[in-house]
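For reference, the structures are reproduced in the following blocks.
Next come two complexes, and both contain chain A; in the first it sits with chain B, in the second with chain C.
On to the complex of A and B.
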């Protein structure tokens, strides 16, 4: 009897936590805002999908943590968890129908209640809500009990449908660019969301692909490896070539808005690669990265803008100066912080970032830096006689920048300097004993990171045509830090993945934009708890971060 | 002898000393210029002085949280600013309700009771958030490399800020005017704002209480033991996890109280209000010597004074236009200077300097 009570306790605890999460999602307004976009038109919206996913996940966790053996126990557990998960939301609806909660919790509105009760009114709706959450729990439990192959065949297609539903604008535009294939769009998409037949098609397609890969995948891999090395290389080269072609024609396919998104993502990749060196290679947590971005942007502005009138260089003439200013400021920032430990380094660099922001914003420096109005009339770059006016043209400049910076970062990693950084990151005292000059190594790290950031800042200034002090705030530093960390500390593909996930997605999902920082914060905490090495980890960091786990499982009974 | 001198002092040290000398000269020149010009009256100086003391008291209370957490866990609780914010923000709804119902202003005793309730609510909420933070975000990562808990703290900080924004909106919530706290005490030619006096006295009382707690009680001693040597403390039979939770609770209580004082002084709360005071309180903790509890208090007061007197005293003398805009910059510059020239702070805690 006591054991079964324990079982209930575990399930109820998980259920309540999941329910609380769902409640918070509802109360910050996410569920409501997301409901505007439909995954499957007229059937299910993104908001409801979010709720269901929360409940399913709660049920799955409960199923996973079942201590009592047997399938019935798993199902009961997930049922209880699901049911309990629905209770906080049900309470919200019940209380909200009596008391006007909106005075305190601004999103506790009638529209929200209608969403939560599926439009069935308070009494029926609440019962329905509890039933649905319990059902989701059981579904998750069933899912947990399925064999691995079945799980994969179900999960991947479902995830694909949800993802394509969420990214419908992007997919629609991409398909529409291929003239004759535009008819696919009509099959797949209605005005807002996928059509039923579209969703079903995607589901079946992906399910088949996953099934085939599971059954035949290893054979195909073996066959690939059995080919002659030159054929393998040839295949890889063709793959890379295709990728290059896609990258080059991307802005033409995707149109104006999506090209703009690409340029924004590209600039963050550029800056991220720099911060990746400072934080990932050298292990110096720099929270004032925006300072260098601002310095690069403002240098370019001062040197090229006729509004201030001091100089009137062209973009290409001013760019080296911007980069040099970046390097200098990196060194100047680096000198005072040479002896500081990690936490202090972070705060002091944050302080520097804020100081720079306050300086460019101040009235005192307005004659030189433009004050609160910033500096305008910055000319765009010219290649030959051709002006890089719009996002589709600037994209190529940014792409070139990313390739150059990425190449430098890649080569630096395995160079003598890169190894010095790695040694310094792991243990400063030992590396100094090994003969590494800490001063120059640290300063070089800061300088390189600052140079890349200044480059990004200069391109940013030219792209925008003006610089405003309000764009150079702490948020930017945190954004870049987030994408480096979530993507994978020290990993170059990780920076790209991080940028697309943390910068590209909010741009594509307008609804998401309001909750961007909330999700960033939660993502950071979750990533650090679950997968600190990031989405696309770098091998050495992954080993470092999981070293404690393997050490602690080493046998202690050597005596 | 020159040879030995050159070995001990590197180029970077010379650069840093130059920077320090320049800043000191600038400050002296500016101050002399302002004082000579006689631009500000004694009244102005008293006002600024007291406002600095009040601000400083608030910073001191927040800094206590930073310093205690750093002492026991050797990590900067980046999210402490949000702990500071959550208390008064939640208490706003309480005080607004008390105000609309008329209870607040009905009788001076009722006002005191209301204020007490508000303080208790704020301190309670801040403590709860602090404990939840420790449980969810920090405890699993105690053994992780340095970078990870710091990033978690940054993430938690943003999560809390935008959670409050999402739940309660992005507007400024105004605390009601309380008649008892308005107005000034008049001493002959001098006028002192009542609210400033209240804040200074309240902060001083809380600091005294917390100081006595850490010095005279068993729990306080245990916390100091954990700060000094975690392993030895564990061997002495101290429950480390419990002590860390107590640390967070105390930090939460003082931050919540500081938050209410802040809200009463500036009359508004906002989801972002914890960020800058949090940073400045951290500066104060470092200034006093991080890990050192009296140091946090002293650091807070000094920072408040520097920040308040600074713009009028030296920036104005240098002819800087609109010096008050740079008030925040002064605080950050103080931080940088302290960490460069005396990282162990005023009270000389060696936690800040790298282990040789």
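On to the complex of A and C.
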């Protein structure tokens, strides 16, 4: 008897937590704002999707934690959890129908209640809400009980439909650029969301792909590896070639706004690759990375802007100076922190970031650095006679920059210097005993990271046409650090994925900017709980963090 | 010919004198053991030789080249390598990477060469990997190169540390309790390895050990240290019969062990 009581307790607890999460999302207004966008036009909005996902997840969690054996127990558990999850929201509606909660909870509005009750009025709506949440719970329980293949075949298509629904503008624009193929848009999309047939098409398509890959995937891989090496290389080269072509024509396909997003993401990738070396390879926790970004930007500004009038170099003439200033400042800021480790290093570098920001903001240096008004009239780069005026042109400059920097980072990793950095990161004293000169190795790390950041800063200044001291703040350092960590510390593809996830997505979902910090924070916490090694980790890191799960008999691949 | 000479070396930590006017001469290509109770100052002395600590007094000379005051990375370039009492490998790097790092001091590739992919850099990398694989095979870790150092079993980790130390191409190898935690067979293997290092590669070995079997089995000279001071020195046979040593360190009941 007591055992079954414990079982219910577990389910109710999970249900309540899920329900409170849903309540939170409703009361901060997310559900309402999200409802403005429809995943499937006129059928289901993003807001409802958000609620359903919360309840589904609650049910899944309860199913996963069922200690009582047997399928019925799992389903009962998820049912109870789902039902309990609906209770906080139901209470909200009930109380709200009597008392005007709006005075305290701004978002507890009639529109919200309308959403929560599916437009059915208080009594019926609440019952409907509870039924729906219970149903979601059971669905999640059923999902949990399905075999692995079935789960994948269901999950991927559902996720794809939701993602395409959320990013409908991006997808629509991308397809529209393909001329004759634009008719696909009419099939897939209505005014505000996917059409039913569009959603169904995507679902079926992805389900088929996942199924085929699961069944035939290993065969295909084996076949690939059995081909002659030259054929393999040929195929790989073709793949890379296609990727290059896509990258080159991307701005033309995506249009102005999305190209702008690409340039922003690209600059973060550039800077991120630098910080990846400092933090990822060398293990030096640098929280003042924005200092080098600012130095690169301001150097370019001072050397090229007619507003200050000291120099009037062109972009290309000034760029080497900006990079050299980056290297110098990397060395200069690195010297005092040579003996510091860990937290102390972090705080001191954070201080440097702030020092630079205050210097460029100051009135004392205004005649040279522009003060609070910043520096304007920075010219754009010219290639031949052609000005790289808009985002679609600057994109290519940034792409070139990323390729160069990425190449350098890749080369450095499997080299004597890269190993020296990693040894230093693992054990400074022993690395010194192996002949690694700590001073020069650390300074090389700082200098390299600073150079990449200064390059990014210089392109940033030219792209914007002006620099303002307020853009160079601590948040920038933290953003770059976050995207390096979320992508996977020390991993080059990780920086790219991290930038897309943490910089690109918020830009694409601008209309939800109000909740950016909430989602950002939640995403970071979720990442650290579920996948601390990052989205695209270095192979080694992944093994390190999941050591308990995997047998250590399989040899590691050294990428 | 003494390869390493320590004269009146003194190391203090505040009021605690860890090493007190310690003299020792290590003969070239010999196997020399330092034994003593725990806390006697053996590892501290090693740290002074390798530059991790700076002794307050005295001098340490490698082939009459003074070592006191030099940074550790300089000292390793002069030809002294060591292993650690509680294994200090680079845990999250693979075995082969650990050994490659050992070669750092005598590889020459620099920043520009690496980035540009110069042929000299590539050649050097290839040679370095070959050498690393050879060293791994030498210590019986062939095929384990891609395992993370921290995932290797204990005995393998000890051997990897030796491989890493050998990668620095030392004249003098300081081994700090290389057989700690090993069973008799592993201990014998390690003893054979140490002798092989001296016999085939001509490396001088300075050993800190607690297992008497190892000390008496392979050392030519034994120095006994207690409370930071040398209390005896001589061949294993002489030490076994030295009453001061027996009292301070070997203990009364260990005559049976010595007889073994």
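As a convention for this text, the second predicted complex is superposed on the first by the 529 of 559 C-alpha atoms of A that agree within 3 Å, B and C clash if a C-alpha of one lies under 4 Å from a C-alpha of the other, contacts with A are read in each partner's own complex, and residues count from 1 in each chain.
Just so it is clear, a residue touches a chain if its C-beta (ideal position, glycine included) is under 8 Å from a C-beta of that chain, and two chains touch if they have at least 3 such contacts.
Note that this is a predicted model, so its numbers are computed, not measured.
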Q: Could you tell me if A:408 is touching chain B, chain C, both of them or neither one (first, second, both, neither)?
A: second
Q: Return the chain, chain B or chain C, that is in touch with more residues of chain A.
A: B
Q.
A:435 in the overlay: touching chain B, chain C, both, or neither? Say first, second, both or neither.
A. second
Q: Once the structures are superposed on A, label A:94 by its partner contacts, choosing first (chain B), second (chain C), both or neither.
A: neither
Q: Applying the touch criterion given at the start, work out whether A:341 contacts chain B, chain C, both or neither, answering first, second, both or neither.
A: first
Q. Does the superposition put A:167 against chain B (first), chain C (second), both, or neither?
A. neither
Q: Kindly list the residues of chain A that each of chain B and chain C touches, one partner per complex.
A: 544
(Q) Under the definition above, what is the set of chain A residues touching chain C in their complex? (A) 408, 411-412, 414-420, 422-423, 426-427, 429-438, 444, 540-541, 543-544, 547, 552, 555-558
Q. For the complex, which residues does chain A have touching chain B?
A. 24, 27-30, 104-107, 279, 283, 285, 287, 335-344, 346-348, 350-352, 354-355, 358-359, 361-364, 366, 428, 439, 478, 481-482, 485, 489, 515, 517-518, 520-525, 528-529, 532, 544-545, 548
Q. What residues on chain C touch chain A, complex-wise?
A. 50, 52, 71-73, 76-77, 81-82, 84, 88, 90-94, 96-97, 100-102, 104-107, 109-111, 114-115, 117, 121, 125, 128, 146-148, 151, 164, 168
Q: Can you check the complex and tell me which residues of chain B touch chain A?
A: 10, 12, 15-16, 19, 75-76, 93, 136-137, 140-141, 143-152, 154-163, 165-169, 279, 282-283, 286, 320-323, 325-326, 328-329, 332-333, 335-336, 339-340, 343, 352-354
